[in-house]
Every structure is written in C-alpha cells, then in structure tokens.
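Two complexes, one shared chain (subunit A), two partners (subunit B, subunit C).
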Partner chain A sequence: MTPGLLGGFSLVAALLFSVIGLGLCFFAYFQRDGRYLEAAKRTSGLALLAALAAFGALEWALLTDDFSVQYVALHHSSTSPLWVKLVTPWAALEGSILLWATLQTLYTWIVSWRVHTRGLPGGKNGLDPYRAPIALGVLFTVQVFFFAVMVFLAHPFNAVIPPPTEGPGPNPLLQNHWMMAVHPVLMYLGFVGFSVPFAYAVAAMITRRYQSWVHETRWWTMIAWGFLTAGKMAGAWWSYEVLGWGGYWAWDPVENASFLPWLLATAFLHTSMVQERRGLLRSWNFSLVILTFVATFFMTFLTRSGVIQSVHAFGEGPVGPVFLAFLLSVAFVSFYLLSRVSSEVKDVGEVRLLSREGALLGGAILFTVLTFVVLVGTVWPLVVEALNGAKVSVGAPFFNQMAAPFGVFMLLLMGIGPVLPWRQSKPQVIRNLLILLAVLLIGTLASLIWGWTLGVSLAVGLFLYNLAAVGLMVDQGVRERARSLGISAARALADLAVTNKRRFGSHIVHVGVALGCLAIAFSQAYRVEAQKTLYIGETWKKVGLEVRLLDLRQVQEPNRIATIAVVDVRGTSRQGLWAEGQYRPRLNVYPVMNQPLPSPSVKYTLGNDYYFILQQFGQDERGLWATVRVIVTPLVLWLWVAGMIMVLGTLYILWPSGLRAPAKAPGGATA
Partner chain B sequence: MKRLWPFALLVVLGALLFWGLRRGDPSALPSVLVGKPAPDFTLPAFAPYRAEWGERIQLSRYLGQKPILVNLWASWCVPCRDEAPMLEAAWRQYKNRLLILGVNVQDTNPGAALGFIQEFGLTFPSGIDENGRVWIDYGGYGVPETFLIGKDGKVLYRHAGPLDPATLQELLGKVL
Partner chain C sequence: MKPKYILGILVILAALAYMIFGGLGQNLVYFITPSEYFQQQSRYQNRPVRLGGIVKAGTVRYNKETLELRFILSDGVSEIPVESKGTPPALFKEKQGVVVEGRFQGQSFQGDNLLVKHSESYQAPKEGWTPDQVRKLIEETK
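So, the complex of A and B:
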C-alpha cells in the first residue's frame, strides 16, 4: 500500500458514499421511508471515514517525502520543517479542496446526529423525517461536487513517473509564517459551516416550514461566523507580519471576495434574530443565507480561477469553470425555490424604524449594500476589460472611501440597536438615546480639541458611545434584577451573565468591533514611516528613535537562506522609550522564489507598533550596508485584541451552559 | 417582474465571469521586452558544453545569426522535466536554423542541475544564471519560462509556464 494508492482509493470511496447518501435521501424523501434515512445517516459516517483516510494519505505522502505523488512533487520539499510539511495539504489547490471536502463530510456527519428517522423530533433542534432528507441531501450534493472535482479534475494523488528526488516546497509566502498554518483552516471551517444553515433553509423552502430553521441553525451560523472572523483576523495578522508593508488589509480582490461571505453572514446573523423573535424578515433570511453560501464558493472561484489578478490567486487550475457553474446553479435553484414561495414568506407584521428590529434591519441593509459595493469594486476591472478591453485596477482609496461612512453608520446602529426595545420604542428609551448622543458628541468634540483628525475623533466618539450603550444596558439589567430579587448588584451581574449569554456575548462582540474600528482609524491616520541606508555602526535619528545598525549576518537554514540585520534602537523621545531593544528584520531567500521575502521584526506596544523591515543589503568600498525601513503605527495591537474579543464573545454565546438547560425544560418542547 | 431581477443579475454576473475565464490567462502578461532588443548576458557554461561553446556563453555573440529560443529552467521544477525532452527533440531537428539556449535559474546547487542535463541527455547549451541577473533582466515570473528572440535580435514572444508541443510548434513556426 502506498499513500497514492490509499488516497486515490479513499477518494473514490468518499465520492461513492456521497452519491449513495444522496440517492438514499431521494428515496427517503419520495418514499417517506425512515429506513432510507437511517441508511443515509450511516453513509455520512462512511463518507467521513473515507475522506479522513484520503486526507491522512496526503499527510502520509508528505511526511514520508513520497514524490511519486504529483501534489507532493509540486508543493513539497524534503528540507521543509515539520510544521510546514504538516500544513502543506492546504498550500495548493488539490489539497485545499481535499481539506474543504473533509470538513464538509465532518459537518454532514454532525448534522446527521440531529436527524430523527421516525415520528416527530424528540430532542432540541431535531430534524424531522420530512425535512431531514432534503437537508442531508443538500449536504451530500456539496460533497458529491467536491469529491467529483477531485476525482475527475484536480486529483491530489496523480502519480509522477518517474518520481523526482526533490520538490520546490510550498509557496514561500506560506512557509514564512506559522499563521499560515491556521488561517486557511479557520476560513474553511467558517465556509463549510454555512452549508448547514443553507441546507436547512432549502429544506424549509421545499417543505414550506419557514419559521424554525433559523433557530435550529443559530448555533451553526454563530460557529461559522466565529471561525470566519478568526480566520480573517489571522489572515490580516499574517499579511501584517509577512508582506512587509506594515499593513493588514489591502482590498486585494481575494481579500474582498472572502470579505463578502463575512459581510453577508453578519447581516444574516442579525436578521435571523428578528425572525426568531418576531417571525419577520423571512425572505431576507432566505436570501442572505443563500447568498452567504454562494459567496463562499465565489471566493474560492476567485482564488483559484485566476480571473482577477491578486496576490492570493494561487495559479489557475481547471476548476475555475466548474466552481463557477456550481455556484451559479446553486444560486439559480435556490432563488427559484425562494421565488416559488415568495408570496408565502412575505412579512405579515411591520418593522418600525425606531425599534430593535428596525435597527437590525438597518444593519442588514448596510451590510448588504457594502457587500454590493465591494463586489462591484472587485469585478470592476473585469467589467471594464469586457467593455473596452482596457486593463484597470480598483485601488484601496475607492474602497476606503466607501467603507468609512459605512463604518460610521454601522457603529451608530450597533450602539443604539440593542438599547431599543422590540416592536416600538418606549419613552424611557429616549433618555438613553440622549445620553448616548451626548457621549458621542462630547467624545468627538474633545478628540477634535485634543487635535486628532476628524475621522479619528469620530471614531473615538463612536467608540465611547458604544461603550456607553453596553454600559447602560448592563447597568439597567443588573439594577432591575437586583431590585426585583433583592440580591446584590454583583450577584445580579453574575446571574445575568450566565442566564442571558446570548445578549452578554453580543455585547462582548460589539465592544470588540468598536475597539477594532478605533484601532483601524488610528492606524490608518497616524502611520509614520521612514527609510534609510545604513552602514554597520552608523546611527540614524528619526521618528523619536535612534536606530543603529549593529551587524548584518547570513544564516543558512534548511529551506531558505536568511540575511538578518541586527538593529539596536534607543528612544530619544518619551514615547520612543517603548521601542527600545534589539530588532532583527530579515530577508529570506527561498530557492524557488524570484525575489527575497522580508520577515519584519515588530515590537507590539500598547501605543505604537514599531515595525522594522530589511529592504536591501549589500557591500561596497565603505563596507556592508543595509536599507532599513521603520514604520510606526499606533494601536495596531488593539486590532488583534479586538479580533480576540470578537471571537471570545462568540465562544461565550456558544459555550454550553449547564445552568440553562434544566431551567428551560418546560418551554423546551416548543423551541 | 420583480422576482426576476435576482436571476437577471445572476445571468449578467455569470456571463461576465465566464468571459473572464475564457479571455485567456491574465497572468500571461505580455513581457515589456517584446519588440525590444534582447538583454545580453554571459553565463558560465555547464561542463558538457564547454568544449563546443567555450567557458562562458555570451548571448550577443549569437544574436542576429539565427532565431534564439531562451529557456529558463531549474532542476527542481517539475514542468521543466516535461519540457526538456521536447526542447531536445526540437534542437536535434532544427539545430542549423535555430539556437536553443538553456539558462539554469534559481537552482539549489549546480550538481542537481548537471544531473538534470545528464538525465535528459540535453545537447543544446545551457549556462548558469549565477547571481540571478538574467532572471531580473528578463522579468522572470516562474520557471519554466521561454523567450523567443528573432533573427533581428529583438524579443518576439515570451511564454510563462510550461510549453506544450503545440505551443512550441507554433512558436517555431513564427521564425522558421
């Protein structure tokens, strides 16, 4: 048995099991027979095993340097460190699809636990035998797609005859930082997660049960959103630490494309609450969940097809047209299903502007509009080229200009939304709104007087306004509870934090978002950079720092040659003291890359980030020299903190609570 | 009618993206060198070629006599392995009407490169791009990469990525 053999065999098995599972779902639906459904459930487990075997075979091939497997020959090198070998499966197309497919089989299998094969569902969030064949069938269809793509188009286990003795290793950009080990996996976990709410939604549209699916898939939506948020943050962090331009977001087409599902999912997360609570916005929810799911494929299409040039476009494979065809068919079929029942999912109640649902709907509209703007900006070069053949690119300024006002409105809504009550506003709410408005105005004006730019001042004002909103809500909840139960405020706070995790968690996430926006505003507005060529021993005074080049050395590592500049930094201003220390920016040369990759040396402090990059080096009659670039950016650290807060908030909501379940039991049957 | 607009939008977007796929390879950026005189280079020749071609191979010595196909390759590059026998066959066939010149770029060590030459029994001359100068001058994108230089010494065509037999024939057809 060789890895290639095991892999090829397992892939075919996974495809077969997925096809069989799909077939069984068909029978279960049309024959209304629980036995087929039972068999389909089991098949999902077999498909998972086969997929795991295939994935394991790829790891096996990589770890044993089996260059007879084409994927290994093309994307692997025996000199790579162990962690690089382990993460190489998602360093290129075929392996990424395999990872995605494997995660899909895992999620399908988890969904199958919820399936009840006879009678009505007993437990919470059970899938009854009417909807289960459809939901499972949708998931099996996605699986069939992935495995068919691998078996027929992008086979990870194609053989190379005769096998080479060494390969080039994975894309150096991916080897340059450990964050690459996690970023793609988190993204895929997020993408795959949306297939479940989508599958439930399709089942809901076909069986005409429009209400319960949002509640049943809330957990999935949250988890997928949490992974996607974490994945995007990891990606931003990676680009900050690797690409060496001191930024974290460049509005690159593929960044944009992966932003689309996140924006749509965020919108869906909020509109689904309105449906859960008031039974409204059903067609919004169907549309948003369809679009989110389709957007995850759109994103892969852009990454893999090479339609639009981007740093992320990892080479074109034969899969572009297939992904496009699949995503378009999914969109067509889903919107057809929706249009079939559109008169039935019309809202019966109304949404008032100044109410919780009004704010949630407003937020959803904002996110949808931004999605559209980002989409248009991303495909615009293609539109222009199609119309008059010119090559243009849409740069960051366009997106920044569009996104800034969006950010302001979003932060405004995010603050007042949770303060507003459902249905219609009550008089006492006006007092809260006035308080918040005052905080916003005072915060902004004080910042302006302090001397910050208008944008930054507004961000400060909005940050304080959001903190105040959360503070107000927590304070009111605690007071009410403490008064009515006669307990201490601390006890009431602890109670609320446990019993109303969803609301508390959302406060945490919102604080994270507000903090992130603040970090973005500051880091965009007050970034300083300078560059100078220094000879060894030379010092350079700039931006409150005294920079001295101590040494320039070359290190041979197994997979690369690194040139390291040793830079000593002293502070000449009070703020600069934070930056003191030794920095070792490097330039890594990988044999397969036509240009060296910088590896910046960054010191994160609570105020500024000090970011040193070795741009160039050389030797002339005066000795060794190095061109060093320093970038000082305020508050970048807080962006990562904000990301962590957002993820922690999501985890807080998702954390299974032992206290809540028994308390809910009387009403649980209707949930 | 109102129901139809999502479908209309999908059709437009789908058509646009399919066109984007079919318009060809956007990364096959036409080289800025096309139409310009080929940048000169001098490379240390690999041992098997020294007898016939000298210690160092200088491009300008051969410019203007015959069309030249410059192929950038590396021993670790898998597609180069597909290309090598094809180039060798073309060389044997058109030797007196065309010069094929291999440039070994970004290689890990000269031993591996020499092994590659011996493995495929390459008889067209190859040299080593020691300091990456050729790679930079020619705006290399990724190995393999092939430049076709006309008899007038100007770059006619640049092909990024592996050649297939049809493309190679088409290229040669332009100059032979």
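So, the complex of A and C:
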C-alpha cells in the first residue's frame, strides 16, 4: 500500500458513499421509509471515514516525502520544517479542496446525529423524517460535487512517473508565518458551516415549514460566523506580518470575495433573530442563507479560474468554471424553490422603523448593500474587459470611500438597535436615545478639539456611543432584576450573564466590532513611515525614533537563507514611547524563488506598532549597508484584540450551560 | 409588478449609479504594457496605471542615498524608463517580469509601488518575445 493508492481509493470510496447517501435520501423522501433514512445516516459516517483516510493519505505522502504523488512533487520539499509539511495539504488547489470536502463530510455526519428516523421529532431541535432526507440530501449533493471535482478534475493523488527526488516546497509566502497554518482551516470551517443552515432552509422550502429552521440552525450559523470572523482576522494578521507593507487589508479580489459571505452571514444572523422572535422577515432569511452559501463558492471560482489577479490566485484550470456552474445551479434551484412558495412565506406582521426589528432589518439592508458594492467593485474589471478589452483593476481608494460611510451607519445602528424594544418604542427609550446621542456628539466634538481628523473623531464618538449603549442596557437589566428579586447588583449581573448568554454575548461581540472600527480609523489616519540607507554603526533620527544599525548577518536555515539586520531603537518623543528594543527584520531567500522575501520585525504596543523592514543590503568601500524602512502605526494591536473579543463573544453565546433560559415561543408564528 | 419591487430595483440602480459616478471610474487602474502605452499615450497620462514588462538587462540603477531606483521596462518592442520612489522590495532582478504601479509623467514613468511577479513556475523570457507573449507571461505568473 502506498499513500497514492490509499488516497485514490479513499476518494473514490468517499464519492461512492456520497452518491449512495444521496440515493438513499431520495428513497427515504419518496418512499417515506425510515429504514432508508437510517441507512443514509450510516452512509454519512462511512463517507467521513473515507474522506479522513484520503486526507490522512495526503499527510502520509507529505511526511514520508513520497514524491511519486504529483501534489507532493509540486508543493513539497523534504527540507521543510515539520509544521510546514503538516499544513502543506492546504497550500495548493487539490489539497484545499480535499480539506474542504473532508470538513463537509464531518459536518454532514454531525447533522445526521439529529435525524430521527421514525415518528415525530423527539428531543430538542431534532430533524423529523419529513425534512431530514432533504437536508441530508442537500449536504450529500455538496459532497458529491467536491469528491467528483477531485476524482475527475483536480486529483490530489495523480502519480508522477518517474518520481523526482526533491520538490520545490510550498509557496514561500505560506512558509513565512505560522498563521498560514490556521487561516485557511478557519476559513473552510466557516464556509462549510453555512451549508447546514442552507440545507435546513431548502428542506423548509420543500416541506413548507418555514418557521423552525432558523431556530434549529442558529448554533450552526453562530459557529460558522465565528470561524469566518476568526479566519478573516488570522488572514489580516498574516498579511500584516508577512507581506511587509505594514497593512492588513488591501481590498484584494480574493479578500473581497471571502468578505462577501461574511457580510451576508452577518445580515442573516441579525434577520434570523427577527424571525425567531416575531416570525417576520422569512423571505429575507431564505434569500440571505442561499446567498451566503452561494458566496462561499464564489470565492473559489474567483481564485481558481484565473479571471482575476490576486495574491491568492493559484492559477488557471478547469476547476473555476465548474465551481461557477455549481454555484449558479445552486442559486437557480434555490431561488426557484423560494419563488414557488413566495406567497406563503410573506410576512403577516409589520416592521416598525423605530423598534428592535426595524434596526435589525436596517442593519441587514446595510450589510446587503455593502455586499453588493464590494461585489460590483470586485467583478468590475471583468465587465470592463468584456466591454472594451482593457485590463483594469479597481483601486483600494474606491472601496475605502464606499466602506467608510457604511461603517458609520453600521456603528450607529449597532448602538441603538439593542436599546430599542421589540415591536414598538416606549417613552423611556427616548431618554436613552438622547443620552446616547449626547455621548456621540460630545465624544466627536472633544476629539475634534483635541485635534484628531474628522473621520477619527467620528470613530471615537461612535466607539463611546456604543460603549454607553452596552453600559445602559446592562445597567438597566441589573437594576430591574436586583430590585424585583431583592438581590445585590453583583448577583443580578452574574445571574443575567448566565441566563441571557445570547444577549450578553452579543454585547461582547458588538464592543469588539466598535473597538475594531476605532483601531481601523486610527491606523488608517495616523500611519507614518520613513526609510533610509544606514551603514553599520550609523544612527538615524526620524518619526520619533533613534535607529541604529548594529549588525548585518547571514544565517543558513534548512529551507532558506536569511539576511538579518540587527537594529537598535530608542524613542526620542511621545511617538517613540515603548519603541525601545532590538529589531531583527530579515530577508529570507528560498531556493525555489528567484528573489528574497522580506520578513518584518514588529513590536506591538498598546499605543503604536513599530514595524521594521529590511529593504535592501549590500557592501561598498564604506562597509556593509542596509536600507531600512520603518512604519509607525497607532492602535493596530487593538484590531487583533477586537477580533479576539468578537470570537470570545461568539464562544460565550455558544458555550453550553444548564441554566439556559427556556426558549420563547416565536410570536405570530405559523410553523 | 408591485411598487415594493420597483422601489427595490430603483434603490439598487441608484446605488450602482452612485458607485459608478462616485469613484469607480476614477479608481480604475489600467494594466498596460509599454507598447500599449505608445498606442494611446494621451489616454494614460496622469492617471494611475499598472505598467507590466520585463526589466531590461544592464539598466538597473539603485541610488541607496536617495533611495531612487531607475530601470528600463521593456516588452520586447517598446521601452519605457521607470523611476521608482523608495527602494525596490530588495527582490529585484534583471530580466524579470515586474508590474509597476504609478503614473506617466512626461516621457518617464513614476512608480509608487513595485510588484515582482514570482511563482514556482516562473521562467525568465527568452530573447525575441512579442509584447503579447510578455503580457501573457506576466498575467499568468501571479
């Protein structure tokens, strides 16, 4: 047995099990026979085992340097460190699809636990035998697609004859930072997660039971959203640490494309609450979950088809068009199903503007519009090329210009939304709104007087406004509870935090978002940079720093040769506070690349980040010299903190607890 | 059709119009080769452009005091002198495919940002390539 043999065999097995599972779901649906469903459940486990075997085979081939497997021969090197070998499966196209497919089989298998094969659903959130064949069938269909793509188009275990003795290793950009090990996995965990609410939604449209799916899949939605948020943050951090430009978001087409499902999912997360609570916005929820799911495939189409230039692009191939065909058919079938029942999913109540559901709908509209703007900006080069044949790209200023007003509206809604009560406004709410408005105005004006730019001042005002909103809500909840039960405020706070985890968790996530926006505003507005060529021993004073080049040395590492500049830095003004220390920016030369890759040296502080890049080095009659670039950016650290807060807030909501408040019956529901 | 849908379509159209007139046009960055520039010089003056080509052998001059980099970018037929502010990202070699982001000023090109085309499959072009082949090469090596 060789890895190639095991892998190829397992892939075919996984494809077969997925096809069989899909067939069993068909029988279960049309014959109304629980035995078929039982068999489909078991098949999902077999498909998972086969997928795991295939994934294991790829790891086996990589760890044993089996260059007879084409994927290994093209993307692996025996000199790579162990962690690089372990993450190489998702360093290129075929392995990424295998990872994606494996995660899909895992999620399908988990969904199958919930399936009840006979009678009405027992237990909480069970999938009854009427909807289960459809939901499972949708997930099996996705699996069939992935495994068919691998078996017929992008086979990870194609053989090379004769096998080479050594390979080039994965793309050096991926080897340069450990963050690359987690970013793709988190993204795929998020992408795959949306297949579950989508599958439930399809089942809901076919069986005409429009209400319960949103509630049943809310954990899936939260989990997927949490992973996607964490994945995007990890990607931004990787960009900051590796690409050597001191930025974290470039509006690169693929960044944009993976932003789309996040935006749509965020909209869905919010409209789904309106349906759970009031039974409204049902067609919104169906549309948004379909679009979110379709958007996860759109990114793969963009990266794999070669239609758009990007740091993420893996090159051209047949895989892109196949993904496009799949996503278009999914969208077509889903919207056909929705249109079939559109008169039945129509809302029976109304949404008032100044109410919780009004704010949630407003937020959803905002996110959907931004999705549309980003989508148009991303595919615009294709439109221009089709019209007049010119190759163009849309610059980052366009996206920044579009996203800034959106951010302001989002932060405004985020603050007042949770303060507003459901259904209609109450008089005491007006007082709260006035307080919040005052905080916003005072915060913004004080920042302007302090001398910050208008955008930054607005961000400060909105941050304080959001903090005040959360403070007000927590304070009121605690007071009421403490008064009515006659307990201490601390006790009431602890009670509320445990019994109403969803609300508290959302407060945490919202504080994270507001903090993130603040960090973005400051880091975009007050970034300064300078560069200079220094000889060893030379000192340079700039941007509040005293920079001294101590040494320039070369280090041979197993997979690369590094040139390291040793730079000693001291702060000379407030801007250089906490900058003191030794920095070692480096240029890594990987033998497979024909030029070096910079690896910046960054010091994170609570105020400014100090970011050093070695640009160029050489030797002349005066000695060794190095061109050093320094970028000082305020508050970048807080963006990563904000990301962690958002993820922690999501975890807080998801954390199981025995003290969960009893689920409220959805008002006006006609399930 | 119901007024609700008409309203929705109008909102989408308005958003689209806002985007197109409010910045999409100005922020379009053309990707051209030197030959394409000479065909339509006036069109590309003083607007952001991404100029792609091969660094001509023996023309790279780096002044480490002023941090100015000068070289000649060629696509096999036409050549354009490029001045780039700031250092090249050290990763700069002759006969290599590069894309320079910047603007045309007079007869030379002022680069702000220099992207080197690198990939495992990259191969330096041989002599006697046509602009189309150079362009294809640069587009394919991402």
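A few remarks follow.
By our rule, the second predicted complex is superposed on the first by the 657 of 671 C-alpha atoms of A that agree within 3 Å, B and C clash if a C-alpha of one lies under 4 Å from a C-alpha of the other, contacts with A are read in each partner's own complex, and residues count from 1 in each chain.
Definition applied: a residue touches a chain if its C-beta (ideal position, glycine included) is under 8 Å from a C-beta of that chain, and two chains touch if they have at least 3 such contacts.
Everything numeric here is computed off the predicted structure, so don't read it as measured data.
Per the definitions stated earlier, placing subunit B and subunit C onto a shared subunit A by superposition produces a clash between them. Within the superposed three-chain model, A:Pro168 lies in touch with subunit B and with subunit C [touch as defined at top].
In the superposed model, A:Trp380 makes contact with subunit C only, not with subunit B. Once chain A of one complex is fitted onto chain A of the other, the partner contacts of A:Ser573 are absent, as it touches neither subunit B nor subunit C. Of the two partner chains, subunit C is the only one touched by A:Val394; subunit B is not.
If you count the residues of subunit A touched by subunit B and by subunit C, you find the higher number for C.
Contacts of A:Val369 after superposition: subunit C is touched, whereas subunit B is not reached. In the superposition on chain A, the residues of subunit A touched by subunit B in one structure and by subunit C in the other are 74, 168, 306, 309, 313, 316, 592-594. The touching residues of subunit B, counted against subunit A in their complex, run 3, 6-7, 10, 13-14, 16-21, 23, 25-27, 74, 76-78, 81, 106-108, 112, 132, 135, 140-142.
By the touch criterion given at the top, residues 70, 73-74, 77, 160, 164, 166-168, 287, 301, 305-309, 313, 316, 320-321, 324, 328, 331-332, 335, 339, 342, 379, 382-383, 385-386, 591-594 of subunit A touch subunit B in their complex. Listing the residues of subunit C that touch subunit A in their complex gives 12, 15-16, 19, 22-24, 26-32, 48, 50, 62, 64-65, 67, 86-93, 96, 116, 118-122, 139-140, 142. Contacts from subunit A toward subunit C in the complex involve residues 74, 168, 171, 244, 306, 309-311, 313, 315-316, 369, 372-373, 376-377, 380, 384, 390-395, 397-398, 401-402, 531-533, 587, 592-598, 614-618, 625, 627, 629.
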